[in-house]
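For reference, the structure is listed below as structure tokens.
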């Protein structure tokens, strides 16, 4: 159970007064994201996301497994998120709280059910073996807006991941190592991201990318999941006091603009990493050659 | 003294770092432990040795004949007597308020009469979520005993100049316990000694916000700072947010005095407070 | 292969945290400590006079299983011996240590956790130091593999470890005691003694301890002793944090 | 120590029956037994009457469960474990990674062992360990396809604290993992015993009719005449999976030793029916002739023995006392012969002593039959500074003696 320290009356009133003057605790405007930094590890599919103080690490891994009997053509894609005491002292290790179920549920809806990863491309041999892609999300620091940060992490991880190449020769599947054959990227159909809004003052004030204190002081939260093309794949107002319907309409346009901005940041980071690997790759081969020369 | 001595748990404190006047009893601060000889052979008198239990810089205070370890600043606050803390009332019973000093630890007990001039009838009305500036009276004996805090000096019955008591309005910001200790030492030390604590942010802000009506600040040793600029009507909120942002930025990036000044001017400009 | 890389307090919300990367064994662990806190469900009241230590290991790319429970038992045994649970503020409270294996290839079911154990041990000691939990001493650990020809390989990579005849993890306290020993595979007693000598040399520089109680800092054959590595990481962190005091002094 | 140390003349102010004394001051009660005051000339024994390096009476009997392939009940003092092994058949089609071979793995996929030279028939030269290298890579089957599935449960009622319906405790899960990783690292079970082969002869004309008449003859263990045929292809079609379920029905300290001995006894008692792949109806067929069932051939007999270290000073963990470092420790240990003993290493600690011993040592040793060399399979020491090299050598000798006893016991049952 999540017993984060309750907000004091002074803090709640102050945050509300500040928002009425369009001022936020960290000087951002209502529709401004916190600074987002994305960094990639050496293995493919290892992403570190830092959104303000909220930080997380996503690891994507692939394995050959037997497809489900009812869908022999499809591969399997699963997202596993476990909130540990590393993210926040209030979370308990080994016990699933309702906050964890809520975030995992939204993440599943936005990315898995919207078929962001085409599972048919994961099938190797119909009914016998297919690729199982597993995305592990480790929350290393929670300061609000966990859903958006996790979506960014998982989507960046999927686009960064390369699975080993597999070939079928007369019923026998041959999996080539990463160093033998160029690994294959995943087939991403579209790039959905979620944007969470928090409302104050019966929906008159709506802010984006709230910190933990702003989340605790807010009355309701609205989550909109959409992709670059503007197709909404997830829309939810889960709890809290009622929100005027027009908020959904006006905020969806803001959400689309933010999703494009975020996908731009992800793509830029991916290019930078590809360039580094390509340069690194050449250096690697160069070193390998002169190793052979010397060796 | 030479470059400060950094100790790791298990290291012994070399005798030359002990404070000079051996007469007065040596007071041990946090992070140190006195070990005695396990099996004192009858020949030698039982040997005593001071060892560290936390990693940090050894700081000796010759005036108060005390020696302690300055360990990492992001640790969790453990209530110690005579510390000034900002507590948040959680619930109240017949004659006690139960307040939270640090999250995820048991509540501290605050007597409803331990306020200045509080009597049976005129006791302060505090509900859940109110903030109180109090001093830690005692941390109880034995394991898991309750921590007792009070807003009045039990001896004099008056709250010291620090302004203990309920905190109305304003905003509270979270900072690291080490930075809070530095702020307390800086604000309590006479102004020219502020340089020693390497903190000029407070008087810098004081100068800059003079025209706008100045601000009130209360620092809790448990890593909380209460700021209130209610007497500068229009930009009260923006001034408070500016102060909060300056303190958290300095705490996070460990800025030196010159950067602190640059930061203050930049943030005040951003918050559009004409100084 | 370069020596391990470690940093203190990379995380914001935890009371103490540390990250430890060991390129040789390919392990990359992130650890956080929250202490002293009140454990929900009154789990800390079971030992009213002492602190209750809880360790949680989260594997990188697999759901947690029975293997993690075993490793947590080992870590709790070793750390329980050096954490001073009765210092002020710690009796009847919890010390929650969370370790996430961020980078290392998957540990198959039932296969050995030994190659990653030293990284977990180092991350937990550094996180405890970063959270200023009272400790009686520090320790350092290393993993050694003995291949079929009887030759000792220190810090084996995952392939070496799989092919090794026996795997050994030894942890030595800063005062030279053998705190923890985990050995698997087929070996005889004098192989174990040779491994013990080598591990002591790796953790403590020379096998003979400095007389002044401090650790003899002599360079040993391949890298700076691990004990010195733990000390240097903490000193760098403290220097950075107390730069204002050191410059002013 | 209070009551026994007072001068005999003054009537003891407070006299407690030993059982209450044991419950009130467990540490002092055990210390009083281990280092009795010199005046009383009693020998130093443990509270349960055993010598420090003496194990409890161990009894094992096998074949105690009917519907299992192998079973055993082992009693170690009051701690009792029942182990049942059930063998199930796992088809290669059901194994996802069966049809996947990593191109990088050098050895050609040995799932289809070309039976080119008759001498190289698996499972023939079983007794001598010499074929160690030959079946080295085979063991990867057991780990990759997890053909051994141990599960230990500290069931309700085995000790006061175990309530019904509770999920498996961390202790039980840790024991299950320890048994599994010991099964893997000791390579106890040979993987050929678990393989079910199918001899698919390439049906040239003249072999066709010979094929029909030798179809009835068992092909799997057919080491006879038909070997001459040139390149018959033998293929693994299925595996035996051994589900090893261990129930600790009464827990009085040291569950790992009793559980591991039960697994050993049950594995030695396991009989697998002869099975082969029947091409016509595409299924594995087992013969129900008991005479044809084969026992597992186990590699050696690793025996485990656990120890706990009892410190004389109850509060040695946290008392503000200078902890002598390793060097001084050795000096104190030598000078200790004359003076009082400061710590005891107790073999096979029972529940009472386990509560008082923070430091644990677990040793698994094996004696190789040919040259009688002692091989240590697992050495685990945790939770304290007391045991170093010298004590470890003594503990190895104790566990070798233990190996002889267990070997004797398992031979009889």
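Lettered A, B, C and D in written order, each chain numbered from 1.
Methods note: a residue touches a chain if its C-beta (ideal position, glycine included) is under 8 Å from a C-beta of that chain, and two chains touch if they have at least 3 such contacts.
It should be emphasised that the depicted structure is a prediction, and the values quoted were computed from it without experimental measurement.
Novice: Provide the labels of all chains in contact with chain C and in contact with chain D.
Specialist: Correct list: A, B.
Novice: Taking each chain's centre as the mean of its C-alpha atoms, which one ends up farthest from the centre of chain D?
Specialist: Of all the other chains, the one whose centre lies farthest from chain D is B.
Novice: Between B-C and A-C, which chain pair shares more contacting C-beta pairs?
Specialist: By number of C-beta pairs in contact, B-C is the larger.
Novice: Going by C-alpha centres, which chain would you call the most central?
Specialist: Central chain: C.
Novice: Quick check: how many Å separate the C-alpha centres of chain A and chain C?
Specialist: Distance between chain centres, rounded to whole Å: 31 Å.
Novice: In whole angstrom, how far does the Cα centroid of chain A sit from the Cα centroid of chain B?
Specialist: About 39 Å separates the centre of chain A from that of chain B.
Novice: Taking each chain's centre as its mean C-alpha position, how far apart are chain A and chain D in Å?
Specialist: Chain A and chain D have C-alpha centres separated by 44 Å.
Novice: Give me the residue numbers in chain A that touch at least two other chains, ranges are fine.
Specialist: Where chain A meets two or more other chains at a single residue, that happens at 3, 89.
Novice: Scan chain C for residues touching two or more other chains and write them down.
Specialist: Where chain C meets two or more other chains at a single residue, that happens at 15, 34, 37, 50, 84, 86, 136-137, 173, 175, 213.
Novice: What are the residues of chain D that contact at least two other chains?
Specialist: Residues 323 of chain D each touch two or more of the other chains.
Novice: Using the touch definition from the top, list the residues of chain C that touch chain D in their complex.
Specialist: Counting only chain C, the residues touching chain D are 50, 65-67, 69-70, 72-74, 77-78, 80-81, 84-86, 108-112, 136-137, 173, 175-189, 192-193, 196, 209, 213.
Novice: Any idea which chain D residues touch chain A in the complex?
Specialist: Touching chain A: residues 93-94, 96-97, 99-104, 109 of chain D.
Novice: State the interface residues of chain D toward chain B in the complex, per the touch definition above.
Specialist: For chain D paired with chain B, touching residues are 313, 320-324, 332.
Novice: In their shared complex, at which residues does chain D touch chain C?
Specialist: My answer: residues 143-144, 146, 148, 170-171, 173-174, 176-178, 180-181, 183-186, 317-318, 323, 325-327, 329, 358-360, 366, 373-385, 387-389, 392-393, 396.
Novice: Considering the complex alone, what residue numbers of chain C touch chain A?
Specialist: Counting only chain C, the residues touching chain A are 11-15, 17, 28, 30-32, 34, 37, 40, 54, 56, 58, 60-64, 96, 98, 100, 102-103, 106.
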